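Pasting a structure here, questions to come.
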Amino acid sequence: MCLFIDPDLCTACEACVESCPFGAITLVDDLAQADETCNLCGACEDVCPVQAITIEKKTGAPAADGYEGVWIFAEHRQGKLAQVAFELLGEGRRLADQLGVALGAVLFGHDVKEEADQLFAYGADTVYLADDPALAGFTDDMYGVLLAKMINEHQPEIVLCGATSIGRSFIPKVATILGTGLTADCTGLGIRSSDRLLLQTRPAFGGNIMATIVCPAGRPQMATVRTRVFRRGPYQEGRKGELVEIDVARKNIVSRTRLLEVVTDLSEKVNLAEADVLVAGGRGLGEEKNFDLLRELADLLNAGVGASRGAVDAGWISYAHQVGQTGKTVSPKLYIACGISGAVQHQVGMQSSDVIVAINKDPNAPIFDVANYGLVGDLFDIVPLMIKRIKTARS
Amino acid sequence: MDILVCIKQVPDTKDIKLDPETNTLKREGVESIVNPFDMYAVETALMLKDEWGGTVRAVTMGPPQAEQALREVVSYGVDEVALFSDRAFAGADTWATAYTLAKGIRKLGDFDLIICGKQAVDGDTAQVGPGLAQQLDLPFITFVRRIVKIELDSRTMVVERLMDDGYDVVETSLPALLTVVKEINELRVPSLKGKMKAKKIDIPIYSAADLEVDPDSVGLTGSYTQVIEVFAPKPRGNRIILEGETEEQVEKLLNGLTKDKVLSVKID
Amino acid sequence: MDYFLTEEQKMIQDLARQVAEEKVLPLRAELDENEEFSREIIKHFADADLLGLGIPEEYGGMGMGVFEQILATEQVARVCCGTAVTFGSGGLGAMPIIYYGSKEQKQKYLPDVASGKKLTAFALTESTAGSDASGIQTTAVRDGDEYVLNGTKQWITNAAEAEIYCVVAITDRSKGPRGSSIFVVEKGDSGFEFGKKEKKMGIRTSTTGELIFNDCRIPADRLISREGMGFIIAMKALDLSRPGVGILGVGLSQGAMEVAIEFAQTRIQFGRPIIAQQAVQHILADMATNIEAGRALIYAITKYIDSGAKNISKVSAMAKLFPTDMAMQITTNAVQILGGHGYMREYPVEKMMRDSKILQIFEGTNQIQRNVIGQELNKQFSSRKNKG
């Protein structure tokens, strides 16, 4: 047990009871007591006016010794740098400047050397390039062990990676190898000036609460960051930096998994996370073929097509398009929800979009609660009209 | 095939809200459920058992009441379960959770395959699966959407893993750890016999001492990350309904979107 | 209402509800629209051990009573009456084997029924034999080690989908009702074919069709019990299954009422939810009262049957009559509360209304039920008078 309430100090003022986000503290015989639901978050410790509550936290040596610099993992897939790589450069630059340290970018792949210039231009001081046929495709063992070895060698204090399918897969492995903390899916980052710790803010409980997390003892401090949360920095033509080339073969890494084939869904854009605009459909579409209407609008707006769980469960569109708790979390600039009632499970997947448009014939649909523009009416009237107006405006 | 599934008991997140006044989680009426993604892991294991024979075991780390989650998966056909529970485990982050699970699983023996849900809906981190694989020194494949084939002779399996832009076909040696997405299957229903068994089954509880864990590596003490603040997200709270006939609504919408600079359409 | 169910009974109830909500509800509208029967849904019920509830444990079932079976059926009917009909008539089809079959027959058929591998059907009705079962024309003639069946059965639930058919046929016309017998006919038997599939008003998620016996030859050991027992066995099976029809009315009504209440709470007219109108409240109040009465009646009667009661014709007729008349009224009123919405196929109540009509017709029309009750009353009271 790590939560101590000193019975001699406790005045039964109930400040801790009210502060507990988990409702874990109750007064028993005029003494505060924490039950099993306590997860030692420390909220009570801060509010106790008489310092009766102490939580034993991992102290450990301040591991910051010798670790310096901010690294970002520049995800590269299918001959292209992922959008999140540029966003990480922008955010990483800001953090590095605040700390007064260099910004490093890690680039894995095969025949990707020319991409390094872009990384410099967007703010990297150093590019760590691992260019090898073995890195042409993604495998957790190759990427994970290699990155862990590089981190051990160069000792950056912060490592950031996109919360993509790749980042969310191999970064936990890296953190485990290194024996350090990792915060997933961050939507906000900052530096605490008092101790230079990275403040990592992320949603939890399906986006219903936000939590700020620090990693005081482990190094580096690692986080995966949601796509489209941060802005890419300015492009500085001709900006140069140091290129460090890694000899991958000499690292002797053996992968126990083998990539046999990469299948890209070419039929339509399914990389919902990267789309600026998403047009999403739900049960209100009525049948599979009506997704064509949304595709037409999506094509006009250069948008991706999303769907509610209802539409996916009905078999109208594949699971890869599903937005929401059991599907993908997206935050495009513009999200157009057509015939989606907007259950909480859907909202958590899209509520961080910049602008939300809701089209639904039921004025009581919960989707309107999160909409910047709500249109009550028949989507089969509204969407064709939108298409028509956009086409005329452009011609 | 002997398969192990890791599950987690979570609050039903759709009911969870932070009271903006007191900054506390509103817990009343919030039910505990088995993490939905873990149910797909259970289903995957049961389907493999139907095809290949063997056993399916499920484990969880959590407070004593997490045994309810284990009973639930027994009603679906899981053969045996174990609960890793100790006050010392409380407050564990993903690293400490993976460490504790790894110690527990080693105690239980060898498995051909370990399956986890892609993430838990309370934390949404997706980190315990890969972390656990690393702690156990196993290869792993995350976000698996289909099992293509299994070759027990050569101890390999091929799966499709969901990527942001499609999917990858990946082969791994066995034993291995998979995390699965919802797309992989459709859940079966529990059986009456399973429910009866679930009611009666004896659930072994393993404490920190039983698992011989390093006390500095579990629970909050063993966690590298610390939560320093929880707060309610900014409510969107605009709820603006456009007035007028359809034509008028669409005009207002397109004008608004242009002004917001999310749409580049010139509307006269 | 708490009916003080045992933990096991609650389990059965919960499980049936879960299967209905997870596996039936998402398909309900589509199956109804396409008049489609889903074998897959039946498989889910079998996997849940619910198909074998009434089958003895030694034959792979759960060895439960009629009460437990109707607890499960109620939950299925709450979501989809058509599916519940299939679920229930599987039980009726197996009843002659369970109660009168030989050990060999039980061993041969029941485990596959419990596992859902094989579906059963009960074949009594013919074009000339509806309420009047004595109008049966189908014959079975003994020929050495075989029986030869000829005739046509109509409106048979699970026709063409079932593998096992309990067929009532005349073996000796001179003996009247005592001249009929029951046989197991298997799908694939020579001379056994399926005629047209009916297009129905309701319960369209179940399948109904014609069985044609054209010199259909079956081994003599397919006879259940002995010759002449056909009518007795059929009546016994129907007596046992009538509460199962009644419970369809209770479940269906419950489902309709729930939709009506939810709608009434959210539908705003004249500035407030329509449930605030007494006119609506009163309809709902009558619904709830009747449903509870119907449920209590069936629960009591099925417990009575399970206690080993012998003469159950009257009570089982009551258990069919009251809840099914009630269901017709309640589903009609549910449509009324939803108004124009209720009349549209977007909402489930019009289906429920269509589904409920058959409950007043099949397994003995409600007029026949009243006859049975009336005759039993007459018998009961005249015997008392004689005694007195």
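Order of writing sets the labels: A, B and C. Residues in every chain begin at 1.
Just so we're on the same page, a residue touches a chain if its C-beta (ideal position, glycine included) is under 8 Å from a C-beta of that chain, and two chains touch if they have at least 3 such contacts.
All values reported here derive from a predicted model rather than from experimental measurement.
The chain with its Cα centre farthest from the Cα centre of chain B is C.
Among the chains in view, B has its Cα centre nearest the centre of the complete protein Cα set.
The distance from the centre of chain B to the centre of chain C, each centre being the mean of the chain's C-alpha atoms, comes to 42 Å.
The distance from the centre of chain A to the centre of chain C, each centre being the mean of the chain's C-alpha atoms, comes to 54 Å. Our note on geometry: chain A versus chain B, Cα centroid distance of 17 Å, whole angstroms. Touching of two or more other chains is recorded for no residue of chain B. Considering their complex, residues 187-193, 195-196, 199 of chain B touch chain C.
Contacts from chain C toward chain B in the complex involve residues 7-8, 11-12, 15, 18-19, 22-23, 44, 47-50, 53, 62. Residues 1-2, 18-23, 36-43, 55-58, 77-78, 137-141, 144, 164-166, 168-170, 172-173, 175-177, 179-185, 199-200, 203-218, 255-266, 270-274, 277, 301, 319-320, 325-327, 333-334, 343-345, 348, 351, 354-357, 363, 368-378, 381-382, 385-386, 389-390, 393-394 of chain A are the ones touching chain B in the complex.
Interface residues of chain B, counted against chain A in their complex, comprise 11, 13-14, 16-18, 22-25, 27, 36-37, 63-65, 87-88, 90-91, 93-95, 98, 121-131, 133-135, 139-143, 145, 158, 160-173, 176, 181-183, 216, 219-233, 236-242, 246-247, 249-254, 256-257, 260, 262-263, 265-268.
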